[in-house]
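One chain, chain A, appears in both complexes that follow, with chain B as partner in the first and chain C in the second.
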Partner chain A sequence: MKAEDIFKDLIVRTVARLMVPFILLFGLYVLLHGHASPGGGFQAGVIIAAGFILMSLAFNMDELKRRVPLTFRLITGSFGPINYVVIGIACILSGGYFLQYGVVPLPSLAPADVSAVLISAVEIGIGITVLGMVTGMILSMTGGSDDHT
Partner chain B sequence: MIEFTVTALLLVGAAVLSLYRTIIGPTLPDRIVAVNVIATCTIIIHVLIAVILDQPMFVDIALTYAMLSFLVTLAAARYLATGRVFV
Partner chain C sequence: MIWLLNIALLILLVATAIAAVFSRDLLAAVIILSVYSFIMAILYTQLNAPDVGLTEAAVGAGATTLLFIIAIRRTSRREEE
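Entry: the complex of A and B
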């Protein structure tokens, strides 16, 4: 980066540095409050990925690749399906159908509370997966990725 | 409550006028600014709908819309200035 480039996008960089933490916080709010307001796992993942895109717009793709490396994208991208299948199989092993949350014997929780906890766990997994995959898609489409992911 | 409805209708008119500039606008900066104005009107209309219907969840939608419209305007302005979106 040349010396005059530092001051070229000064407003954009400052606004992005202010906005990105609040976008990530808003994504977490949408993720954890999705049962009572519009939102859920997918929307929260897209909002958090939009925060990453804003970071890559204000700085550059190398910054995004440094903060969201390939191993992070692969691990987060595969966490959600594994989480989903593990919770579904746990419901089967507890004597119910696939994803029949109420039968899982979590200690000191009523069946309705068990459903709420496990649905939130599935939503969090979906959000983490969408966050990793959307960021990887942006890196692939813009050619900023030096590998085929 | 009627004043919020009147304000929302006036903002709808402003958005339609900006849509005219988006379609006709001879140059690319005209279109970018017009789309930005439409997004701002839409955000304020969402908040007014939240007040009119007494449904606070519309404020969440307005927040998301504000964030995404900021991203769109930033990307379009970067494309206008440098010819590329990402540097």
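Entry: the complex of A and C
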């Protein structure tokens, strides 16, 4: 078996077809329960990216590369830090410290619920960033036309 | 009795590290490193650091192994003397 044929195996394809939905679901669970249990944006992003990469390795790498172009990866990569800074500055503008979530006046929510909502928002931004960057890193390793970063 | 499991895992950790260094087949070395990462994740969880354990399992055993496998795919599988 040549090295290029490692991922065209029937077992790899079948396992990938079975596993990928559960990997994505587990990634979403880790993302949305990051404020209450182990996990968070970084781990969830890596888990979801691993699901995407497993799917693309088993089936078709060019498909993923076509659907996730370089500009899209760069935009997702810069979304998380911008989201983080915007939420932090919003806390300052509401009269608190940087990332002091409780002071933000969201309507009809107690301060603890505001904290949970905003922590989840920050974690989702981090998850999107890590997802874009890890996917882009591995797509860049596989070579191709638009991989100059 | 949990220290028996911990000692067994630590011995296995050292064994997998040595096996990964001395393996001539690079694909086998990468898979052994993946096993090393999983054992490390179990040990982190044993040490009451489930967050670090989850990261180690996702990054060390998932993403790093994938990067190594893609690198092997683009170069060669056997180590040369």
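Operating definition for what follows: the second predicted complex is superposed on the first by the 137 of 149 C-alpha atoms of A that agree within 3 Å, B and C clash if a C-alpha of one lies under 4 Å from a C-alpha of the other, contacts with A are read in each partner's own complex, and residues count from 1 in each chain.
Methods note: contacts are C-beta pairs under 8 Å (C-beta built on N, C-alpha and C of every residue); 3 or more make two chains touch, one makes a residue touch a chain.
From a predicted model like this one, the values you see are computed outputs, not experimental measurements.
A:A49 in the overlay: touching chain B, chain C, both, or neither? Say first, second, both or neither.
Only chain C; A:A49 stays clear of chain B.
For A:V30, select first, second, both or neither according to whether it touches chain B, chain C, the two together, or no partner.
Touch status of A:V30: both partners.
Mind working out whether A:N60 is in touch with chain B, chain C, both or neither, as first, second, both or neither?
first
On the A-aligned overlay, A:G40 touches which partner chain: chain B = first, chain C = second, or both, or neither?
After superposition on chain A, A:G40 lies in contact with chain C alone.
Mind working out whether A:T76 is in touch with chain B, chain C, both or neither, as first, second, both or neither?
Touch status of A:T76: no partner.
Which partner does A:T135 reach: the first (chain B), the second (chain C), both, or neither?
Once the two structures are laid over each other on A, A:T135 reaches no partner at all.
I'd like to know which partner A:M19 touches here: chain B for first, chain C for second, both or neither.
In the superposed model, A:M19 contacts chain B only, not chain C.
Can you list the residues of chain A that meet both chain B and chain C?
30, 38-39, 43, 47, 50, 53, 57, 142
Using the touch definition up top, name the residues of chain A that touch chain C in the complex.
That would be residues 3-4, 6, 30, 38-40, 42-43, 46-47, 49-50, 53, 57, 134, 137-138, 141-143 of chain A.
Spell out the residues on chain C that touch chain A in their complex, using ranges where they run on.
50-51, 53-55, 58-59, 62-63, 66-67, 69-74, 76-77
Can you check the complex and tell me which residues of chain B touch chain A?
Listed in rising order, the residues of chain B that touch chain A are 57, 60-61, 63-64, 67-68, 70-71, 74-75, 78, 85-87.
For the complex, give me every residue of chain A touching chain B.
Residue list for chain A touching chain B: 12, 19, 23, 26, 30, 37-39, 43, 47, 50, 53-54, 56-58, 60-61, 142, 144.
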